[in-house]
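Chains here go by letter, A, B, C and D, matching the order in which they are written, and residues are numbered from 1 within each.
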Amino acid sequence: MRTRTLAAAAALALTVVGCASSTDSPDTNSGPITIGLSAPLSGPAAALGENERNGVQLAIDQINQDGGLLGSRKLTLAAQDNACNPTDGVGSVTKLITQQQVSAVIGALCSGVTLAAMPLAKRYQVPLVVATSTSPDITTAAGKGGNDFTFRINPSDATLAVALSSYLHKAGDVRKVAILAEDSTYGRTGAAALQKALNDKGITVTGVDFVAQGTSDFSTQISKYRNNGTQSVALYISGADHLSFLRQAASARLQLPVTGRVELEGQNLEILKDEQFAGSSSVYPYSSLIKTPANAKFAKAYESAHKTPPTYESFEGYSAVMVLADAISRAKSSDPKAIQKALVKTDFTSLTGGTVKFDAYHQAHDKAFILQIKNGKTVIVSDVVT
Amino acid sequence: MTAALHVHEPEETNDVMSRKSSSPLHKWLGGRHLGPLLPTAAAIALVPAVVTNDYFIDVANLALTFMVLGTAFNLLYGYVGMLSFAQVAFVGIGGYASSWLVTHTDLWQPVAFLAGGGVAALVAAVVGAVTVRLSEGAFAIITLSFTLLCAVVAAEWTGVTGGRQGIFGLPAPSLSLGPVDLVADTPRSYYYLLAGFTVLALWAMQRLVRSSAGTVMIAIRDNEPLAKAQGYATNNYKLAVFSFCAFVTGLTGALHVFRLTTIDPSIFDFYLMQVMLIIVILGGAGTFWPVAYSAVLFAVLPEMLRMADEARLIVYGALLVLGLLFLPQGVGGFLRARAMNRQLRDMRGGRS
Amino acid sequence: MPADRHLSVSAFSAGYLSGVPIVNDLTYGFASGSLTTIVGPNGAGKSSLLKGIYGLTRWCKGSIRIGDRDITALPAWGRLQAGISLVPQGRCNFPHMTVQENLQLGVYTLPRSNRAVAVAEALDQFPALAAQRTRAAGNLSGGQQQLLEIAMAMMVHPRVLLIDEPSLGLSPKARCQIFDKLKEITDHGVSVVMVEQNVIEGLAASDIAVVMVDGRIHRHGPAEEVLNDPEMKNVFLGGRPDTAAPGREPDRRRHDDDGI
Amino acid sequence: MDATYTWELLANGVVLGSSYALLAAGLAVIFGVLNVVNFAHGALYMLGAFAAYFFIPLTGYWIGILLTAATMAILGIVLQEGLLRRLPPDGAFSRSMLLTLGLAMIIQNGAIVLWGAGPRQLPEDSRPQGHLLLGDVIIPTGRAFIVVVAVATLGALYLLLNRTQVGRAMRGVSQNPTAALVVGISPERIGRLAMALGVGLAGIAGATLTPVFTVSPQMGITIVFKVFAIVVIGGLGSVPGAVIVAYLVGMLESFAGGYGSAMTQSISVFLFMIAIMLVRPQGLFSTEVRV
């Protein structure tokens, strides 16, 4: 009996050791430069994560085709799933940094995950480029806020909300707005920011509802909006839920325009074309319709690879790689600390025609766009520097 | 019902025969039952010496966490027969309670961790008071709903739990006593903390299982009405074990979230529960060490297989189904039955 | 009369744990058309014998015959079709269904066309039930429930009725009614095998007595004779006859109320 | 808020309750007859939705629903014969629970691998068009159909259980398995039938939602827990109890969401269950025999 116990204990030690032997030592001066990506590739936000990965991959392929960086060193992508929850997120970033020895991390799409990953970037001194998380708290904590290794290239929800409510105020036909947000950091901070911005402009918020991600039945909310004088519904929901809501609103004849963060593309657009949604609008940091030559090229390359126009996430993923590549070239090194120093001095022209330049809080101020549906087509109404 | 025959494990009988005398300290530590604990502790102590990469140390950290969680769940399901889906809730409650105490009060960290376990035990006592007297099915489903409710509360009670965002950037556990200043801020230093806790927790749980209370627990699992008829307050036993396991689980949860540096409502996801179930079923519900070792296997396996999450869960599901159909007593039960048969044969052989 | 109604077991063992027989190597032929009562101390294997014959124990060995037909290989419902009905110990009806519905389930194994007739017949033969036709079985008195269970068992016209402790928990008056009914059943040529704890009243109503101890038949004979045998007191007042195997603990009570 | 609003919430509650009732009745049948808590119920509901997603564009709405029900019923028999029946009898209760949990993991993650995690929706022309007007209350046709299908199915289930010999046999097995054996009911046959019914009902529940909602592999996760709660409140194993409570919960959620927030809506059922458990631990319509 004793021998069996010992054998089991030895096996336990060996399995762990067995894992350990598969490590390879990193080489920071030659060989490929690894860029880490932590994004939701499973769970309710998986589709968004997939879009971001496509954007990142496209950028890496383009750079490698053009001969790589630092004298023909190629870029490689290490992608880890974070399932849009902080716990998996921390695990994925730890794995990228400690095991896959990445030079920088792009992440983590969901705001909650990004906030949880930020302390790791600081602890291990590896730059974290935030490309799609919109929570204002990220800016507060980065740069002067204490976390020198976090950089954000996309605007925060607060700025987007201000831009949107100014537009709604100016447009003038909507005075009562209901907010429907998903129960996530994205939904909650987005809803809070919009509520504040709308109140500042004197627009009434008739109610804020947080629905669980993956919720399929919106009939209660739709009934509510129909009956409490709501004139427009602001959405902070993503992926499957977004489509679900629009479809149910359409078949229940809600007949109200939607606003907030609505992707006015793809299947959504098919539904929103209907007359009952006339006047729907949205604020987004990107649209495939942006008329700059750089964007046209990007959109064309993306469409030929994936058969759909690039989304916001694809664009931000692409931008993040480009910003990093720029920093690596200037740092003349793939060392994470050197890249961080170079990132601080970034001055980079974005596909949108805006400029990526980090302020004291490591927040860049690229452009954002107010979009609207006119005659069944999405059009850019205005752009603002965030 | 055959399990009644398993109360005395072969190891025990062997140990009784091989060790006639022992020191009082040895006895208090668990005497003859100490057996497998020492080599296991030695193996745990060996890991940092042979594993160089921090990432794999972190995998080992997870293995230790699973070991305690799996064993605590085994205590409930394997030994008392309570299919509790609230274990994952206690992980979360312990994690949240300790995180809140550390970030919002000046409470000394070790005390905050213990308080995490304490809060979990307290909640368990309240939940248990209502549910332990219910039928197996009702108990399972209500503990399940309790877990779901915890997830909603964690997401909603923004003031305390930080809502969806949770509580993040948790400080590394540290202990300053005069000149000694210990900080567990790397996977390696964390491993020492966790290893100490794991050995202690395994010792305590094994001690419980091998005590007279442990025998009552098994009696409850095998025939509760009979145990009751013999004058045991079975509901009190169940409540006590439920709370004790919640304490251990809550404390493990606290250590788990401080290692991750973050806690959010996803801690209540069903995933952790599925892992605990697999560990216990395939290890062998009601066998102590096989379950502990299978926890290590299921922490290390995903790293070796390198599969997508979905594929892994399909494999886990299939393992669960196949295990239940073809190895219903788990690996531990299989080994035990084999050892017992051998012993019976030996006894017969010896007599003739 | 009919040899084909003759229930017999030979070298019959049955139990719940494989290799631990409760009924132990028993050979006996039950008399046709008469009321046989099995008595014996707790744990003697009386209930297990009935369950074993009906096919509800986990395992059994030896053979069971009805007339010349060996039915050992049949599952429970197969034995039912072969002509054995069982009324087990404890309540054995469907408490949330009406008496009528219970009777309708009683004829579950009959061809569809015969069912209505059988139900009507049963109501005819058990007038006490006919009056309660629309009440839920669970709401009837104990005696009425026992009657209902007997009625259900008799609807398929069995050759043998096995009945386990029908008098349990009944008033003396209800007990008499049940025993009378059982005798009436034997009058129609059906063999009734009853297990009874209430030795005096049970044997008084019976034709033949079988005394079981430790899974074996200790003695058998005309009920009256056995009832008046002074040695029997010994058996039932906790003592054990000399013939019992030494060193065996009557510790199998648990298995008796193990249910199925 | 006015009367129209109340009526509208009431209508929503009936639609919601209809889906819950189909699922809960299936779960209760399986529990009552087989004593199995079917953790795979949500996954099977999702499979039903996917089946309808493939059938309806080919065959139209009504035949699509029937085909789904038939396919799922057959799947139920396969699961019973291939898996559940083969469990060792010792501790079968908790083992069956874990077995179905494993099954749920396989089905759900298998669906993700097979069909991707993203949502799908029926093409516009395969969906029931238009809407009903009841006074001022607007009910989209697809949602009205949910109620129609549920009422018809549950009515048929009621007749089956109460007016046919085989239905009586199923109730018999759930009320007293021993007595059922004694009158000659074959537990294997009734077990197969119970799984066919239960899984078929889950399939119908999924199928009716396909034209209204999006279909995705994760759709079964949250709802199954809610349905567990409903069945517990109704008294484990009681089919009428499950159906009544399903409609009650539908109303409760609709009004909790309508007058409170989406969050009160999602926790209302669990709070309801805890309250009931404190007062009546055996559930509202417990059959005493079980639990």
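Criterion: contacts are C-beta pairs under 8 Å (C-beta built on N, C-alpha and C of every residue); 3 or more make two chains touch, one makes a residue touch a chain.
Not measured: the values here are computed from a predicted model.
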item: Distance in touch steps, counted as few as possible, from chain A out to chain C; value: 2
item: A-D or C-D, whichever has more C-beta pairs in contact; value: A-D
item: Most remote chain, CA-based centroid, reference being chain C; value: A
item: Distance from chain B to chain A - Cα centre to Cα centre, in angstrom; value: 38
item: Inter-centroid spacing, chain D versus chain C (mean Cα positions, whole Å); value: 42
item: Chain B-chain C separation of Cα centroids, rounded to whole Å; value: 50
item: Touching two or more other chains - residue numbers and ranges from chain A; value: 42, 183
item: Two or more partner chains touched - positions in chain B; value: 308-310
item: Contacts with 2+ other chains: residues of chain D; value: 112, 221, 263, 266
item: In the complex, chain D residues that touch chain B; value: 31, 37, 83, 86-88, 90-91, 93-95, 97-99, 101-106, 108-110, 112-113, 221, 225, 228-229, 231-232, 236, 263, 266-267, 270-271, 273-274, 277-278, 281, 291
item: Contact footprint of chain C on chain D as seen in their complex; value: 165, 168-169, 171-172, 175-186, 287-289
item: Contact set on chain C toward chain D in their complex; value: 54, 56, 76-77, 80-81, 85-88, 91-97, 101, 104-106, 108-109, 112, 115, 149, 152-153, 156, 259-260
item: Touching residues (chain side chain A, partner chain B) in the complex; value: 1-2, 4-6, 8-13, 15-20, 23, 41-42, 81, 83, 85-91, 94-95, 98-99, 111-112, 115-116, 118-120, 123, 135, 137, 183-185, 187-189
item: Chain A-touching residues of chain D, taken from the complex the two chains share; value: 1-2, 4-5, 8-9, 12, 15-16, 112, 117-119, 121, 131, 138, 140, 142-143, 209, 212-214, 216, 218-219, 221-222, 253-254, 257-258, 261-263, 265-266
